[in-house]
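Please see the structure below; I have some questions.
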């Protein structure tokens, strides 16, 4: 096992040499890039990376430029996880056969994908990778929408959000379904480590990534990614939105170890009302009309209930 | 080596599936990512058993769909090692997206396709619908007519596909059940010789070379896409055939078994000929001999390399022929058969343009009988005698009901 | 590369991040890397900016918030010190300014055409209202 990179504080972290480059084509203020940097900088080990079709992929490998300083592959929308699984299988095969060019390395296999590529179209592929137990990490850049194609709803889009295929209108408040609970689904695969992270809580996130990279087997990371374009807020407010997401407990940060042991990894000192989180984003603007205000109340009740559930799970150690 | 060699008899009785599985074992494939589907399943079952018995070493990734099988193969091939899998029909159809990705990324992968019809209606038997579905995918497509050929062509496929001047994935086709499940005598190659023919895998642009990071699977829009597709087509058109020919030549030296890009039987003085693929070639060869006894100079042409399409070799094969029947074993979907069209294209600008007619046959595993072929050769001779095609251009053979013909 | 013909590219549209061999890239700083012309590091998105960040090191406490939250790898930190902004890669999102905790801020946004010297000379005073 390779040594875990020592990152005591942010100053020490800032000595990292990034393996993700600028002049990529992500929107100004895109959180995807911040997430990718925190994942890659969490280790000094070699990396074998993939991205499923989506914002990250389409903005970082547009010919003739690549923004990746580690080996990287993209096949399609649904199969980035399996691309990395195939590479990991080859790594094992060549290791067993004594044919690795650099046998002394400890590469980490990481696939990045959006919520659409993970919760929807790529779901089966991810499930297969996890059932088979590949030694890899799947990181979801969860912005709750198909942002790359212009903001269509995915199964990660929350109730009341206005997306282009679930638009708010004269007689509709937008998306009608609750967000899919991928954390529970992936934990149910018996994954050794499943965590929800947010890049504003960098230390928490880096710790989770390092934990995930240290264990054997398939690791699932759901990273909240505030989308300036589709959530409709100003690009400079990305980190403020990430703070609202974690501190309102709309995105509680927690981990599930070996499919059972649930730990809450971040407890906000001052919990922010969900209303503030919703009010900061154009996609929820219509909820503030009188006829839809009940939805905001329901949102708060849902978030409270989930937080209560997580705390009871943590306490019960099941 | 952490696995044992297998002692083979000089001639083994194998069906096409087992012959292909043996070839994968002897090639010492590093990663097989696969999903079972009739009739190709025994290939990966065979490989799994070799692995379980310690006759091969590698990673066998039993994925959750054919799409994932080819996705895993692509990841593994990009990582840098020998990769193979097998599929048929619906599984092949599910793979199609990734087939284009594998070839566009120039990754060497060997895919055994045990040909089977495409639904609907559902059918598990052999026709060439799946093979035809792959024809624009940028892969090399080799066609075996027998278990022996399914075995031999796998070695050719690895050798050509992995060549650094080629780096294109290759399919080895065989007919579902008629070849895949029919046991015949197969002349074997011993393990060391077989592996030696292919040689060690030589990595290129491999993701696991951490000192040379590479980016695979980029986006190219209108400013770059055309050049990359042009490059791939150029390499298919100019580089692959010479490499296949060299591999055939080397293989003949090694085993005495001679393969040709286009196979010609009794063609030296033939007036009338049938051109087809798969097991039908052997049936046609038998009938052609019988027709000669009746005074009709009959010949047979078999397409061995379906992609790249052997345009020049076809022109040469039909040089002095007077009438040709092109047999397409795939529902043409509103056009003359695909092979009919392509052969017509190859012959159109030749001086001795032969009379060309097309036949659709054998869909869903329907037998092509000797009687069908006798009728067919007789029709061709009638065309020759009349100096023109006397039948419709497209006729269906062996279908129930009134005679079905078009054009 | 723009003038290259179809026969002059790597097959499969494969791109290399670096020219030649790299050793231990995870600990090699950008200035010591041999980037290939295909690495987006060699490209610029400076023309995306409408506003640009200006860095005033007089107030900087090297907290590195700007470094970690910059989506465009444009905060140049060396030896735990913030030393400047990579203006080829900065898209002008303004996150660095928002997350800067000093008073007055050590980073502020100005119109792209603004004169940096002049803006530094006129930097705001400490805001007593701020926490």
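Brief remarks on what is shown
When the chains are written out, they are named A, B and C in that same order, and each has its own residue count from 1.
Definition applied: a contact is a pair of C-beta atoms (placed from the backbone, for glycine too) under 8 Å apart; a residue touches a chain by one contact, two chains touch by 3 or more.
Nothing here was measured: the structure is a model prediction, and the numbers come from that model.
By number of C-beta pairs in contact, A-C leads over the other of A-C and B-C. Remark: the per-chain Cα centre closest to the mean position of all protein Cα atoms belongs to A.
A separation of 43 Å divides the Cα centre of chain A from that of chain B. Centre-to-centre spacing of chain A and chain C amounts to 24 Å, using the average Cα coordinate of each chain. Computed from the mean C-alpha positions, the centre of chain B lies at a distance of 53 Å from the centre of chain C.
In chain A, the residues that touch at least two other chains are 46, 61, 63-64, 66, 68-70. Among all residues of chain B, those that touch two or more other chains are 105, 211, 213-216, 218, 220, 224.
Within chain C, the positions touching two or more other chains are listed as 13, 15, 17-18, 25, 38. By the touch criterion given at the top, residues 1, 13, 15, 17-18, 24-30, 33, 37-45, 48, 62-65, 67-74, 77-80, 86, 88-95, 97-99, 109 of chain C touch chain A in their complex. Interface of chain B with chain A (complex): residues 2, 30-31, 33, 57-59, 61-65, 67-68, 71-81, 83, 97-98, 101, 105, 203, 206-211, 213-221, 224.
Of all residues in chain A, those touching chain B in their complex are 46, 48, 50, 57-58, 61-64, 66, 68-76, 78-79, 82-94, 96-97, 99-102, 105, 107, 124-125, 127-128, 131-132. Contact residues on chain C toward chain B in their complex (touch as defined above): 4-7, 9-18, 21-23, 25, 38.
Chain A makes touch with chain C in their complex at residues 10-26, 28-34, 37-38, 43-46, 60-61, 63-70, 199-200, 202, 228, 234-240.
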